[in-house]
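Take this structure first; my questions come after.
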Amino acid sequence: MSENKKLSAAELPAGDIVEAGTAQDFHTGSWRSNKPVWNKDKCIHCLACWISCPDSSIKIAPDEKKTTVVTGIDYDFCKGCGICAKECPVKIQAITMEVEKK
Amino acid sequence: MIKTVYSKGKIVAKTGNEVMAEAMRQIEPDVVAAYPITPATEIVQIFSQFVADGIVKSEYVAVESEHSAMSATIAASAAGARAMTGTSSQGLSLMWEMLYIASGLRLPIVMAEVNRAISAPINIHGDQSDTMGARDAGWIQIYSENSQEAYDNMIQATKIAEKAKLPALVTTDGFIISHCMEVVETYPDADVKAFIGEYKPERYLLDVKKPYTLGSIDLQDYYFEHRYQLAQAMRDSQQIILDVAKDFEKTFGRKYDMYEKYKMDDAEIAIVVIGSTAGTAKTVVDDLREKGVKAGLLKIRVYRPFPAEMIAKDLAKVKAVAVMDRADSCSGTFAPVYSDVAAALYAAGITSPKVVNYVYGLGGREINTEHIAEVYETLGKIASGAEKPSAKVEYINVRIK
Amino acid sequence: MSAKMIEVRWHGRGGQGAKTAALLFAEAVLATGKYIQAFPEYGPERMGAPVQSFNRVSEDPITVHSGVTNPDFVVILDPTLIESVAVTEGVGKDGKIIVNTSFSAQEISNQLGIDASQVYVVNASQIAKETIGKDYPNTPLLGALVKVIGNLDINGVLEDTKGKLAVKFRHKPEVIEGNLSSIKRAYDEVKSHG
């Protein structure tokens, strides 16, 4: 649990201003009960998962040919909704959902 | 088993919202026009379900905003219907223009209101900023400590509004009461209906035999007289509220007044507070009494009309009083309830109690027994002369520095 | 606060029924003749996010309306919360924690860092799957909580729950039976380290 010190009225900027980027520190991945598991060998890098992910949790990067490819799943922010697994082409099934450890 | 106060009463577990909707079902107004808003949503959601299921004969108007909700309620009331609505916070704010029209036209509308903080910053939790802002809108304001009071107040408000020809709002503290399931005693439908009686307006727009104009322009020649009538109606409504409370007690057995005095008879230090925090404070008073401290509590139930003379009399012998406001006025001086209490004492020529002001619980900020115990501790010091009373608003449980 | 008052805190994830559990528990305990409160900790509703709900139970009318900070009993619907939420916060040395888990009380007490005598375990998810047919741990945990609290009448609780479910599921009697037997089983199966 992040136990950040709460600011006082004297320390806060006036008028409900919050600096950008705070969502980076809020790891919503802890809400997950099912997790997507990505199989690198099966993936054809169609990016259907990437475009469908509501939490921008499909990690991508250019490969040596400067083609954008999937590189993994960002478990800090993935809430385990399963859309990626659903959108992965039926014949490929490079993403499968597994139960988080209990 | 838990015993009922009323011989035909029934013990149920309900949230504040559920019980307000239940009162509305039993009152069965002709028209309800409302727009849902957190944390009051359930009240009109449950009621609209009663309408959809044919449980009540009421007409439900699903409007597109709170401004329209109040407008439609005003129209229905003016037409001769028993009309109700429900809202909270920003919803009440959006009704603003129409609130004054409801009272100015002397329409006995009843509103189920759930107290919630006002934006910005956006916050859905309980404080009384919303209705405190509407304190001069010409509406009778009745606050509830718990679900039982919310239920009883809704029933009484219907009768009060119609006798006083003033709109009335009944509140609960957002989430703290609106979403808290508690033990409530409800009464049979027929008995509630018999208590409120049939609504028979003296004049109404749909009375084709006696046509009239409502809401005409009033300039320098008449406006002032009409506004005087309104202010006087608010003053006169105190006796109506007390009479209805007496009737209610005779019928259902529960005693109500303009405010509740809790262990005030010999109190040397006392807190004045509104709403659910009064319940929490009662446990602190009990603890202090066990230790021999003469602590008391004055819980305001009816804030508009403000029972100034009565309160002044009851606080006259108290040495130190803390008025706790769950709203700040941003006036540069004191919060609303303090201003009214201080004015009441001054007008009555009572200057001996030392009176201090605390603002607490904004945006649902926790207020617990320890916070309240600290207030009483300070009052004890003020009463004994060990501490000078603060001349400005003090804040509870907020990070200032 | 009155010595006779019991305070309960429920930990779950949005959608798991922590709020419903508190409401069901309150209604059932009211049916046994006690005063009750049930209220959720409110924030924006988010599926999977940690949520809490609370109960108070007393022989006398309850007037206090502040939050519950020192619960006598904590019920954990989702064991993954043990890692991410301070579930033992405010729990005194007489406090008891009931966890929906397949692990033993000793293993859970090691994880929580509190004395094993304070920990009770029940595999509520397993019971729910076997009796209700789905992973609804909240209903069986009612039975476990009633058992651990000790002075509540389980038959009164079952009777009231049966009445409530009978109205809600009048066309699906098997749902009613499943829920009731889940409460009974958790009541019987909840255990401490002994």
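We just call them A, B and C in the order they show up, numbering each chain from 1.
Everything below uses one rule, namely that a residue touches a chain if its C-beta (ideal position, glycine included) is under 8 Å from a C-beta of that chain, and two chains touch if they have at least 3 such contacts.
Bear in mind that the values here come from a model prediction, so they are computed numbers and not experimental data.
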| item | value |
| --- | --- |
| Closest chain to global C-alpha mean, per-chain Cα centroids | B |
| Winner on C-beta contact pairs when B-C is weighed against A-C | B-C |
| Centre distance in Å when chain A and chain B are each reduced to the mean of their C-alpha atoms | 47 |
| Centroid spacing, where centroids are CA-atom means, of chain B and chain C in whole angstrom | 35 |
| Separation of mean Cα positions, chain C and chain A [Å, integer] | 32 |
| Residues of chain B engaged with two or more neighbouring chains | none |
| Touching residues on chain B, where the partner in the complex is chain A | 120-121, 398-401 |
| List of chain A residues in touch with chain B within their complex | 6-10, 16 |
| Sites on chain C touched by chain B in the complex | 1-2, 22-23, 26-27, 30, 33-40, 42, 61-67, 69 |
| Chain B to chain C touching residues, read off their complex | 1-2, 11, 13, 39, 124-125, 145-146, 173, 175-177, 179-183, 276-277, 279-280, 282-283, 366-369 |
| Touch list for chain A against partner chain C, complex | 1, 28, 30-33, 79-80, 100-102 |
